[in-house]
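The following pair of complexes shares a single chain, chain A, combined with chain B in the former and chain C in the latter.
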Partner chain A sequence: MSDIVIKAACWLGPQGFGNDQTGLRDWPTPLGEALRRGELEELRWSELFKSEAQRFARMDWLSRLGLMAVELLDVHFEAREAKDLEQTGVCVETAAGCLTSDAEFLRLPRPTVFSYTLPSTVIGEICIRHRFKGPMLCLISSGNSTRTAMDEAAAWLRDGSAKSCLCVSCEAVSPDAAALLPPDLALENTWQACALLLGRKSGDPRECALGNDTLTETCRHLCRATRRC
Partner chain B sequence: MGASLETALSQPRAAVAGCGAISATGAGIGTLADALRDNRSALRAREAFAGKRYQTTVAGWVPEETIAQLAARDPEHADARAFLMADAALREAARNLPTVAAGRRALVLSTTKADILAMERVFHRQPCSRTAHRHILPRLLADDLAAAHQVRGPVQCVSAACISGLLALQQGASLIERGAADVVLVAGADIVSHFVLAGFTSLKSLDPEGCRPFDKSRTGLSLGEGAGAVALVRRDLLPSPVWTIAGWGSSNDANHLTGPSRDGSGLVLAINRALQRAAVNADGIDYLHAHGTGTLYNDNMESLALRAVFGENVPPCSSSKGIFGHTLGAAGVLETILCLLAAQANTLPGTPRLVECDPVAPQSMLLQPQPATRLRCMLKINSGFAGANAALVLRKEQA
Partner chain C sequence: MEALIDELKGKIISALSLEDIKPADIKTDEPIFGTGLGLDSIDSLELVSLLERDYGILIEEMSVAQKAFASVRTLAEFVAKNRKN
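Showing the complex of A and B:
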């Protein structure tokens, strides 16, 4: 696919976490057991990262996972010039979106929860933390991961709308949220997040060609096979 | 950055083949055109929602008789309000489309909450059809609309707060420009419900009397519900003259979740990206349709952004939130339709409910509709929660 390449990839879910350099690692016990049970409140920023993430504690789980995924990429965005950040786009794919916050707001309406009853809020949180001001898009998928977010991000890179693009997939479905759905539409994963950074080929050894897999499959594959290119 | 002029002109542009609408003005784009001509507001209070401690029940409610008529025509979807409205708008928009294979037809849906009424019914353990229940998930609403409109090509569902509609139009145009489809049905739909009223009440962002965009004494927005649909077709499949989607751009403020950046710099980025993609200068815009919610911060931010892009020569501009309220995920689509209706009537729309213009607002803000002397290029802008900004350039093209 022309000169658009993957610059970095990461994945986190019940089975572990990691990126294309470190590979996937297991969660330490007993945290791993709690996370496999879907007890996301056990997953704190300090479990994965040393630096602070302001406002993390007040975010919904979709935003927390999206923010963690971008951090897990291990790309030093803070070192980039303002002009580059202005041309960094963010494209998010999610099936359940903000359903968990919707369920929480239905139970107890509060302004702090209402702010998170939009699936695109995760984009806002990512952009606020990293000062990204490029194009943005939030796509709602049907439950199975797709290539659409990658295709859209690649189109931005090709037509010059952006110089680099983050593709993020995240899901966080609480039991209350799952109870809102028809039984046969239960989403497969209760929680997971992954991210890719796309850009133009520059010769960096970490770069990798885009394949035909979906966003989630691509991330998981790249994180399992750490030196794959 | 941005496509070069040569590249932009060599690509098959997306042109508008038809529009459809369900809004507070009623069913059909004719009701919107009438409201536009009369500069009439369709905002009203609704007794069924009274007594719930909401800031107000004044909103752009779709008339119940309109919903009843739609339900009578389609009993299978009688309680699936989002589907009913979007489907009706799509049917109106798709009346005169060129015949293309189903695999070359695409659909893009924009919505913030899909069938939020169904979600409320399920939560409160009230009866809810399986169809409406499915539409709690926005993508399934998009899939069902695609099936109902013989779409076998790409289907996308965009949910990005108040810029969803403009992003959906952008995605539709992009699918055509990239050769992925020849016809793209773009629909935007959202419903005003207890959930939505409670949310905006909790943020204290509603004007109890109804919104007054860019007014000196504005105090907040009015919600609205409805659906808009625009049928986009590959430019060469339509006779001239046509309105094309000539350019688009989006950006993030990277500043605040629920408030706009105070200086409007994010919106400036989005506007400049759209102008650059359309290969048009700021002085080439003949009319500008603002987001104009009626909140203090949004209208201030927008005014600053317009001054930054256009200087003291902001083109004639207006807001239509006073007609049908802020329709959230449908806003970008319905407001683009309004621009196209105005162009058809050779009119510059007014700003219903605006009485005394805020000094910070552009001096070219239109209180009343005016005859248009020249309408070749229009700019539509929206901003929203999570720092989102979007802009779309519409251009009339001859042969």
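Showing the complex of A and C:
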């Protein structure tokens, strides 16, 4: 994969948040304590970003975290030309998918919850916000030891389907939904999200070579060890 | 009627997760859709569902919904006239 490089990476989860430029930071207290207990409703967009995010509070947590991860990359997509955005792909991988929304819909069927009973909805929310129109794919992973999102993204870059690709890994399992997880699905965290921006090598000082780690491991490694590619 | 109007504003905010919007921000006589609330077609389904769930009102025709959802006041009048619980 030497022709394909990582342009940016970020991670957020119970232990903190950050990107490959800022490094991982702790959540401020008492927010951090609430987030470590899985109380995601305490995590507001304004906690991390100064930008506006219309409808953020109305999304499910899979979409909210996916959207936050892409924003946390600190890549200014809004400054890019329309033709570049049209050739930006998004590949999301998730193990638990939209289990939380599924459980909520079973408990009380509602149209606004139904919209999020597809794990791919997070891709739609990301693409609407950033006007991406490249290839899109949502993969249900086994929870670990997979590089499928990065493999797919690299394939799109190589065959010309896309000029840059976002790989997003996202989990958002509420305490209620956690009881519904398959016993053999061992999630490290019931909620977390990370993102990588992949593209072809251009000499940008922020670029990193792809290794053999999973998407989550790669993001966390890059955020913990800022600029040690 | 004013109490029902306030109740409906609260239910709209709650059902549609309109963060940062207070009941006073919703104008009683202005259109519910196509204004600053930023509601979409899914939201209209949610409101139809709310009427059925909370007031026992079943809306089956688009023309009825269009009249009922013209404003919070028309919605309150509609609920007052048709509620079953």
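Some observations on this one:
In the analysis below, the second predicted complex is superposed on the first by the 220 of 229 C-alpha atoms of A that agree within 3 Å, B and C clash if a C-alpha of one lies under 4 Å from a C-alpha of the other, contacts with A are read in each partner's own complex, and residues count from 1 in each chain.
As a convention for this text, contacts are C-beta pairs under 8 Å (C-beta built on N, C-alpha and C of every residue); 3 or more make two chains touch, one makes a residue touch a chain.
All values reported here derive from a predicted model rather than from experimental measurement.
Judged by the touch definition given at the top, the superposed model places A:Gly124 against chain B, while chain C stays out of reach.
By the touch criterion defined above, A:Gln54 lies against chain C but remains apart from chain B after alignment on the C-alpha atoms of chain A.
Touch criterion not met for A:Ser202: it reaches neither chain B nor chain C. Legend: residue contacts after superposition of the two complexes on their common chain; A:Thr22 is shown touching neither chain B nor chain C.
Judged by the touch definition given at the top, the superposed model places A:Ser115 against both chain B and chain C.
More residues of chain A lie in contact with B than with the other chain of the pair chain B and chain C. Residues 110-111, 115 of chain A touch chain B in one complex and chain C in the other. Residues 54-58, 110-112, 115 of chain A are the ones that touch chain C when the two sit in their complex. Those residues of chain B that touch chain A in the shared complex are 1-3, 7, 112-113, 119-120, 122-123, 130, 133-134, 136-140, 142-143, 156-161, 167, 171, 174, 178, 195, 198-199, 202-203, 249-258, 266, 269, 273, 277, 385-388. Every residue of chain C that touches chain A in the complex is listed here, in rising order: 15-20, 38, 42-43, 45-46, 49. Those residues of chain A that touch chain B in the shared complex are 85-87, 90, 95-97, 99, 102-103, 105-106, 109-111, 114-115, 117-121, 123-125, 127-128, 130-143, 148, 152, 155, 159-161, 163, 180-182, 185.
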